[in-house]
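In the two complexes below, subunit A is the common chain; its partner is subunit B in one and subunit C in the other.
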Partner chain A sequence: MIEVSGLTKTYRVPVRPPGLAGAFRSLFSREVKEVHAVSGLDFRIEAGERVGFLGPNGAGKTTTLKMLSGLLYPTAGTLKVGGFVPQERHPSFLQQITLVMGQKQQLLWDLPASESFELNRAMYGVERSEFRRTLDELVAMLRAEALLERPVRNLSLGERMKCELIAALVHRPSVLFLDEPTIGLDVEMQVQVRQFIADHNRASGATVLLTSHYMQDIAALTPRLLIIDEGKLRYDGALEALSRQVAPERRVVIRSVVPELLALGFEVQGGGMVATVPAGETNGLIQRTLALAPLVELGVEMPPLEEVIGRVFREGRPGGKR
Partner chain B sequence: MRALRADSASQIVHALRAWPSIQQVAFSGMVAYRAEMVIWVLSATLPLVMLSLWNSAAAAGPVGGYGQVDFARYFAVNLVVRQLTGSWIVWELNWNIRKGELSPRLLRPMHPLVYNLCETFAALPFRAGILVPLVGVLALWRPELLFVPSFSAAVGFGVALLLAFVLAWTIQAIFGMLAFWFDQSMGFWSAWFALWAMASGYFVPLDLFPEGWVDFFRLLPFYSTLGAPIDVLLGKASMLSVFTGQVAWVVATGALAAWMWKAGIRRYGAVGA
Partner chain C sequence: MSRELGAFRLEVVGALVRVSLLSAMQYRASFFAEFMVGALSAFGVAVPLLLVYARVPVIEGWNFDGALLVTGFFLLYNAFVAGLVEPNLGAVVDGVRTGELDYLLVRPVDAQLLISLRKVAPAAVWELVAGVAVVVVALARLGVPDWGTMALAAGLFVAGLAATYGLWLLVICTSFWFVRVDNLRFLLTAITDAGRWPVSVYGRGLRLLLTTLIPVALVSSFPAMALLGTLEEGHVATALGAAAGMLVLSRWVLRRALRNYASASS
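Take a look at the complex of A and B:
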């Protein structure tokens, strides 16, 4: 469904020294700096996959999504989405995709969201009966019945995002590019949006490529990860495999504080205790723990995803390329 | 080439099918911004101010062949042409490009310029609705300005008005697209507007200028967007020369606009996609 090879994007950004002298100098000679936003990306995504696209700020995630959706022209490399070259923006290609940007909106600001939906219906040439059916489905999934007739400017951030998602999906695209769709939303709304994306993917079989700063989005939605940093692909593979590879330790967690367990390497954290050990030593630690405190409530966890990803960024490419 | 023609034809069919919904949404937008819209439209009624000036000047006798009724007729038609050829695309494109708001429009399977054209057409009934009372008041003030044009003048006026609309819209689009290259591109538009107001016949009927200047001004695009349809309706210029000039400018500016769009969209990422 998505094929990317050697994808590169270099921006030429004007640079101006600060102050009046700098402004005056820039009148006569304009200095331009090259910013390599994306450098030689290669990956392939099959139809129906859900893939998380992770990276620190400025890593090149949004630039890549914009190239995949045809908004930006690549400087080099090739890419195909659903058999189309995105930057040609063929109408049949645009019918297949959607791009939701958490920080930009397509809804008409001063009109009720229903007007934007109707506009999209007309623009995408969706038959009215099919539109009605899709809209009813989307509205029910997002529990957005009360939002449709209120001017967009009067909606909260989370309500607006629900309407953005509806507007983006009324033409039933087969490829969803989601750029931080949960940014700025409260926890409850994040859960709703996450659930909606998962349900929609299951029901429609659409391919999903999602960027997010919230690791819960990634953990809940995308079995496969692409990690990008400084425009280069650092990891492409399963989330679990990454955890095993980068953080091969486990956290043994006890829900209460038992002072005797300090001797086994446990540390007090909040109202409980935690010990971090290599995965192979987990069973031994559990046996020793239960020998000292047979009645404790005990669990084993992978390291938090934030920590795993942080290590990839700090320590470089883990070598997990598909 | 055949594929290009097929694409263009399918875009037109698509736009026609989408037209009622675009019209409805654009009208809702105008209702939401009704106060701003009325002020915008009224701001284009400068011909009425110019009429009052020239009316005073002609009180003692005709000025350059124009009596008070001639001025009233000229500026009434001027007002109509100005309103019916107006659009907001220069401001919209400029804003959308600089703020990255072109992106959602680029993602839809309708060319953003075709969409804007639909929106501009959608505003025409609103503009016409404001024109009717204005012209009505003028006619009450000076009933002699009303006249029945010949059939050929009426048809010629329709054609010249349509060409003027296309040309004015294309020129605005060109200035709007300068935002792909310049941060403060509206300065170019302000300079253009100042020249246009002088050389299009907006402030002064062009035949009040010295003879050499009139011929020169009639060769420029400014005239084709405003003075040309007025002159056709009032029988002051040959239709053939007017249409030839208008078509030439439509073709030239259309080619430039198409090139600018193609080149500009490649640069779009650099300015805020």
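Take a look at the complex of A and C:
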């Protein structure tokens, strides 16, 4: 569905010397610096896949997404989405995709969201009866019945995101580019949006490429992970494989403090204790722990996703395919 | 070409105009305030003319009634610019700076149509009314010409609108490279103001400029001359050439500009 090879985007940005004098000078002669937002990305995404796109700020995630949706011209490399070259912006291509940006909005600010839906219906040429059906479905899935007739400016951030998602999906796209769709939402709303994206994907079979800062989004939604840093692909593979590869240890957690366990390598943390051991030694540690303190409540955890990802960024390539 | 036509649907135009009217009517105070401004601006175009012709009966072969026709067409042009061109193309400048254009460019609809029809300023209806009134009054004083002449004038006026729209689009496209071009817009407004006077009052160089590169004379003087029967050979060809040239050139530049669209980081 999506094929990317050697994808590169270089921005030319003006460099402005600091201060008033510098600003004045740059009015006449501007120095331009090249910023390599994305350099040499290669990946393939099959139809119906859900893929998480992860990376620190400025890694090139949004730039890649914008190239995939035809907004930006790549500097080099080739890309194809659903058989089309995105930057040609062929109407049949644009008809297939949708773009949701958590930081921007497509809804008409002063009007009820239903007006934006109707405008999108006309722009995508969706037949009225089909539009009605799709809309009813989406509204029910998001429990958004009460939101449609209120001016968008009077909606809360979470309510607005629900309407943004509806507006983005009324034409039943087969490829969804979601750029931080949960940003700024409270935990409850994040869960709802996540659930919706998962349900929608299951029902529609659409391909989903999602960027997020929230690891929970990635953990809950996307079995496959692309990690990008400084415009380069650092990892492409399953989330679990990454954890095993980069962080082959487990955390054994106890909910209470038992001083005898300090001898086994446990450390006091909050109201409980934690020991970190290589994955292979987990069972041994559990047995020894239960021998010393048979009544403790005990759990085994993978290292937090943030930590795993952080390691990828610190150490560069973990050896996953490029 | 068929692809472009496919992207241009009447239904979309209707939907766009509908939401832009709805948006304009959302805030009552601002809606009515804009109406006042529109009325004043229409008045402002007529007053200088009255003042000048109170002193001088004929300027460069144009008597008061002829000049009144030019003013009428200029008011109609102003209505077009204030009602459609300025609100839409002006918004493109902000759209480039803030990256708001993103959501327009992912639609399967022609980008030029979308950026040109997103907004309507209903207050411009005053200038429309004033323009029609002034043209009617002038014609009543001059005597109503035959249908053919009127059709020719209307055709020239539309060609003039097309040419000036093209010029506006060209200026706005520069924002894809320079980002902030607000001042260029104001400069353009100031220069096109020259269209309120009959074009023959200007010197040769200016006259050429106002019928080609900044074709505002096409929209005011040429239709008036058609009605007065003073069109010269080549005027119609100039008007059509300028309209076609500006439309084709501006569309081509817009396409180049979109390639250059950098969006704004989120």
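Definition applied: the second predicted complex is superposed on the first by the 321 of 322 C-alpha atoms of A that agree within 3 Å, B and C clash if a C-alpha of one lies under 4 Å from a C-alpha of the other, contacts with A are read in each partner's own complex, and residues count from 1 in each chain.
Here is the rule we use: contacts are C-beta pairs under 8 Å (C-beta built on N, C-alpha and C of every residue); 3 or more make two chains touch, one makes a residue touch a chain.
Keep in mind it's a predicted model, so treat the numbers as computed, not measured.
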- Would you mind checking whether subunit B and subunit C clash or fit side by side on subunit A after the superposition? clash
- Message: For A:104 in the superposed arrangement: first (subunit B), second (subunit C), both or neither?
- Response: both
- Name the contact category of A:11: first (subunit B only), second (subunit C only), both, or neither. both
- Identify the partner contact of A:180: answer first if only subunit B is touched, second if only subunit C is, both if each is, neither if none is. second
- Message: Quick one: is A:115 in contact with subunit B, with subunit C, with both, or with neither? Answer first, second, both or neither.
- Response: both
- Query: Where does A:91 make contact in the superposed view: on subunit B (first), on subunit C (second), on both, or on neither?
  - Reply: both
- Query: So, A:257: does it touch subunit B (first), subunit C (second), both, or neither?
  - Reply: neither
- Item | Touching both subunit B and subunit C, residues of subunit A | 11, 63, 66, 69-73, 89, 91-92, 94-95, 97-99, 101, 104-106, 108, 110-111, 115-116, 118-119, 121-125, 151
- Residue positions on subunit C within touch of subunit A in the complex are 3, 6-7, 9, 11-12, 14-16, 18-19, 22-23, 26-27, 99-100, 102-103, 105-109, 111, 258-263, 265-266
- Message: With touch defined as at the start, can you tell me which subunit A residues reach subunit C in the complex?
- Response: 11, 58, 62-63, 66, 69-73, 87, 89-95, 97-99, 101-106, 108, 110-111, 115-116, 118-119, 121-125, 151, 179-180
- In the complex, go through subunit B and note every residue touching subunit A. 7, 10-11, 14, 17-18, 20-22, 24-25, 28-29, 32-33, 100-101, 103-104, 106-110, 115, 266, 268-270, 273
- Item | subunit A residues touching subunit B - in the complex, by the definition given at the top | 9, 11-13, 63, 66, 69-73, 89, 91-92, 94-95, 97-99, 101, 104-106, 108, 110-111, 115-116, 118-125, 151
